[in-house]
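Next up: some structures, all given as structure tokens.
Two complexes, one shared chain (chain A), two partners (chain B, chain C).
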Partner chain A sequence: MTGLDDPILPTSIAWGLLAAFSVLWVVLGWWLGRHNKTAEDHMLAGRNVGLALATATAMATWVTANTTMTAPQLALQLGVWGMLGYSLGALGLILFAPLARRIRELMPAGFTSGDFIRLRYGKFTWRVFLVVSLIYAFGWLVSMAMAGGVLINALAGIDYRVGMTVILTVCVLYTLLGGLRAVIGTDFIQTVIIIAGAAFIAWLTIDKVGFEAIHFNLMEERPELLNLLFPAAIMFLFNNLLFGVGEIFHSNVWWSRAFAFGRNVGFRAYLFGGLLWLPIPIVAGFIALATPALGINVPAADMVGPLVAAEVLGLTGAIVVFIVVFAALASSLDSLLAATSDLVTRDIYRGHIRPHASEQHQFRATKVIVVLLGLVTWLAASYRGELPIVGSLAELLYFTGAFVASAIWPIVAGLYWQRANPQGAAWSMILGSGIGLASYFLIGFYVAALVGAAVSLAVMVLSTWLMPRPFDWGRLARPDGEVPA
Partner chain B sequence: MRFFRALLPFLLCLPLAAGAQPTFDAPPERSTDGGFTLAWEADAPVVLEQASGPDHANARILYEGGDTSTVISGLPDGDYRFRLRAADADAEQWADQATVTVKHHSLARAFGFFAVGAVVFLVLIGAILRGRPRS
Partner chain C sequence: MTISTTALSVIVIIATLVATLTPILLIALFIRDWKKGCLW
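Up next is the complex of A and B:
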């Protein structure tokens, strides 16, 4: 049996790859963002992104550490349903397609998801939303920084903190240099690398290990992973779907793209992006099921993907995995850094600290906030395994599930229900998050989002039915329009 | 003074002897999803064995090497026994053992959550498909 004590990628090659791709992303970031002059250029890439780039950025951003590293982890922990359930996350992108069109129609001059909540529901709900949104963004950032460190440690034996620091620094640098334009441009290249690499690894795994050996060893050693009536996995199915929907519907990562894509581009970009994404978790997750057949020791669940690929494919496999996951991590980390810094700039700096900040002030603030976000993320990711919820990628990620799933209904009702109640929207997030978190600790990580979404729906429907508050849609077209009390 | 000099070699050996014995690090007692992580503290390679019977009769080696943890998953209901020894120790000189009980959630509970999820999802599809603000 092999394990972490036998790193497959020589340290010198790992450092070479890290250096080469770091330079590539940073130079591309600088080159793509060299014409950015205003905060709007930096944050929304001039609001005119075309269909090809838009589809690529939607798909690449959704292929994250979560997909390339957590999909194998879930296959290892929850079996076939874990893998298939993860691919249902594509519905988040697909269902956001009509929302993106409506967002563009209602808010042609909008900047962030926070703008929408503030104008639609008022300040109290806006602040609750910011807390939910920032907890999620921070959890996602930390989980991806962790994934970077885990990857480099699993493949090359380089210290976790060193690898994590390098990847985070590179992403902060090129996001800082290029803004959303750089993020979208690099996403396009990263998409091509991710699709080709994942398909290559899955094909070689099947070719080298074979379906029969995988099936036989699973039945011998981990039979529940093939059981279609695996209780935890059945509970997980809709949980993951609603988690994905919650992540996309509320997060400024996706709203900023809805604002940045050209007119009539958003709907098709999110639809195509979702369809392209659908098979990726199955391809990436499947290889974890080969673990018993290969006799690999998996020291931490989130290491399984890179370990299996490296074991099956040797040095070439380790290099391919390294490049694919580095691309996946970079494409998501940069998007999240950019979108979260926009949210903090618009909704906290301008919304709460300096309401009359000029365009230039905001432009500078965005950059400072990217650096600060990077620093705080680095600090939290340094404590992987030492803090209770920063245990493994999946645990950290699904902890945030309760928060994001509780934001689904305030967003959907806010966009489509004219009489949605603002207080109901705030309380649906508060109660949904609270009860969802309780279920995370009392039942398991695989139900937190489901419970959060169900509670949030009940509160939103009841409050709107019992205390309807009519809303003038025209108010959304004016970003600085009158805010309801 | 002479007494301490005489004692010194024994004192120096004590930490080595104590460190040579691998021990489980807070092993879980139960699991509701058939999976858990077993971690241990060891200074040298170890042998980890798993058995489902009380007397370790059907034991098999789960891991042998220098890692200090392993992820176990996909186990059906039952009591699982694990024992650990240094790789260079005698085959029957087990240093530590742990028992984990796997008891999956009931199917009724699992399908209950499934049904709640399905309802929330269908309402969501309905709300989006209407596609127009309610008045």
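Up next is the complex of A and C:
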């Protein structure tokens, strides 16, 4: 029987895998980015990414360590709805598909989501948006780095800070060397590894345990997991849906890809990416339902995936899980590092500190900012680096739910409503975040995103209805053009 | 209301089949884009 006290993978094998994949990602990142000459090359990979790489990067970035580790945990805690609810996170990608096309049409020379908010709504709303967006981006970065250290420790017994430092350093290095081209190129390989690994473990679990045994043992020991009217699970489903949509609609991780994908590629890439992502939480999560049939004692719910894989497959399963988790962590961390450094370079450094910075100056600045972001993330993750913080990772993510959900409607209205009110957009984010956070503390974590989105929608609709402000769409085509105050 | 063995197995097998085919589809798309010179 496997338990958390015994790492499922021998440390020497884990070090070998870490070293091999670290070298692969860094060399590939350098090779892919060796022709980058301008900030545009580095930040947007030449603005002509094709369908294969675009689809894979959309999928890889959305498959985080949460997907591979939390989907089994949710299946174990919330049953069938846990894995189905998690898979609805794909709706965020699917719904972003038409937005990606609209973004590319309206802003053929755009760089960041901040560019859009600045040109569309003016400086006040832009600054409010930057606060919301950077709080979320930094929260996600730190939680990913922490998850890296925690998972590597749990899987292989490598010290938390050592594991976290290795994965963060590797991602900073190849993002620094190759920019978005390195991120997208490595994402392709990481996507193939993650999905093939998850499917491999699922097929072997089906083969070795079987649905009859899984169903029978669940009915005997945990019948609520098969209940389709499990109230907590249904509530989770709606919160997760809104949270995912908010994350994708506002974050520069997804906007930078909309700018980078070739013409007519963005819509199809996000649509295919979402549809192909949909089954992944089911495949990764279902194996947790086999725990009663396998007689596994699960000491920590978030480790159920690796425990089942190790029980069914032995050392091979442990190796596959380790590689999948490393790929999932890297594919999200690199995207966040690249997109956040772009946002800081364009909207903070150039937007507020050096407005006349040249292309070359921005090219150098974005590299310095990637390193600084890595350092700050490392410091924050080190400070919080005690193993019992696993619970607070989820709390941190739910906390940002109010922020991201309050940004959904200003983004949608800004892209499609010609008369959307700029002040209304700012206040919809301020009030949505504020009241969403209040509900997080007063009612519970599961309503933060829901309340944030509802308040934001009400403010956006009312302000636009009472004080409409016509907008010239042509202004968005010139990212360095005149900005409303 | 409990999900049946058949319904559970249908959902999981369809999801696993799609996941199994996805890497093949992505590699096929990659080769197509590469041959057409539109990878980047």
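Going forward, the second predicted complex is superposed on the first by the 427 of 485 C-alpha atoms of A that agree within 3 Å, B and C clash if a C-alpha of one lies under 4 Å from a C-alpha of the other, contacts with A are read in each partner's own complex, and residues count from 1 in each chain.
Quick note on the criterion: contacts are C-beta pairs under 8 Å (C-beta built on N, C-alpha and C of every residue); 3 or more make two chains touch, one makes a residue touch a chain.
Everything quoted here is computed from the prediction, not taken from an experiment.
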First (chain B), second (chain C), both or neither touched by A:192: second
Partner chain in contact with A:417 - chain B first, chain C second, else both or neither: first
In the superposition, chain B vs chain C on chain A residues touched: B
First (chain B), second (chain C), both or neither touched by A:300: first
Chain B versus chain C as contact partner of A:457, first or second or both or neither: first
Touching partner for A:212 - first (chain B), second (chain C), both, neither: second
First (chain B), second (chain C), both or neither touched by A:223: both
Contacts of A:234 with chain B and chain C, given as first, second, both or neither: first
Residues of chain A contacting chain B in one complex and chain C in the other: 223, 226, 229
Chain A contact footprint on chain C (complex, rising order): 1-5, 8-9, 11-16, 18-20, 22-23, 25-27, 29-30, 32-33, 38-40
Footprint of chain A on chain B - complex, ascending: 32-35, 37, 45, 63-71, 73-76, 104-107, 109-111, 113-114, 116-121, 123-125, 127-128, 130-135
Contacting residues of chain A [partner chain B, same complex]: 1-5, 76-79, 95, 98-99, 102, 218, 221-226, 229-232, 234-235, 237-239, 241-242, 245, 297-301, 304, 408, 412-413, 416-419, 443-444, 446-447, 450-451, 453-454, 457, 473
List of chain A residues in touch with chain C within their complex: 45-46, 48-53, 55-56, 80, 84, 87, 181, 188, 191-192, 195-196, 198-199, 202-203, 206, 211-212, 214-215, 219, 223, 226-229, 262, 276, 278-280, 282-283, 286, 289
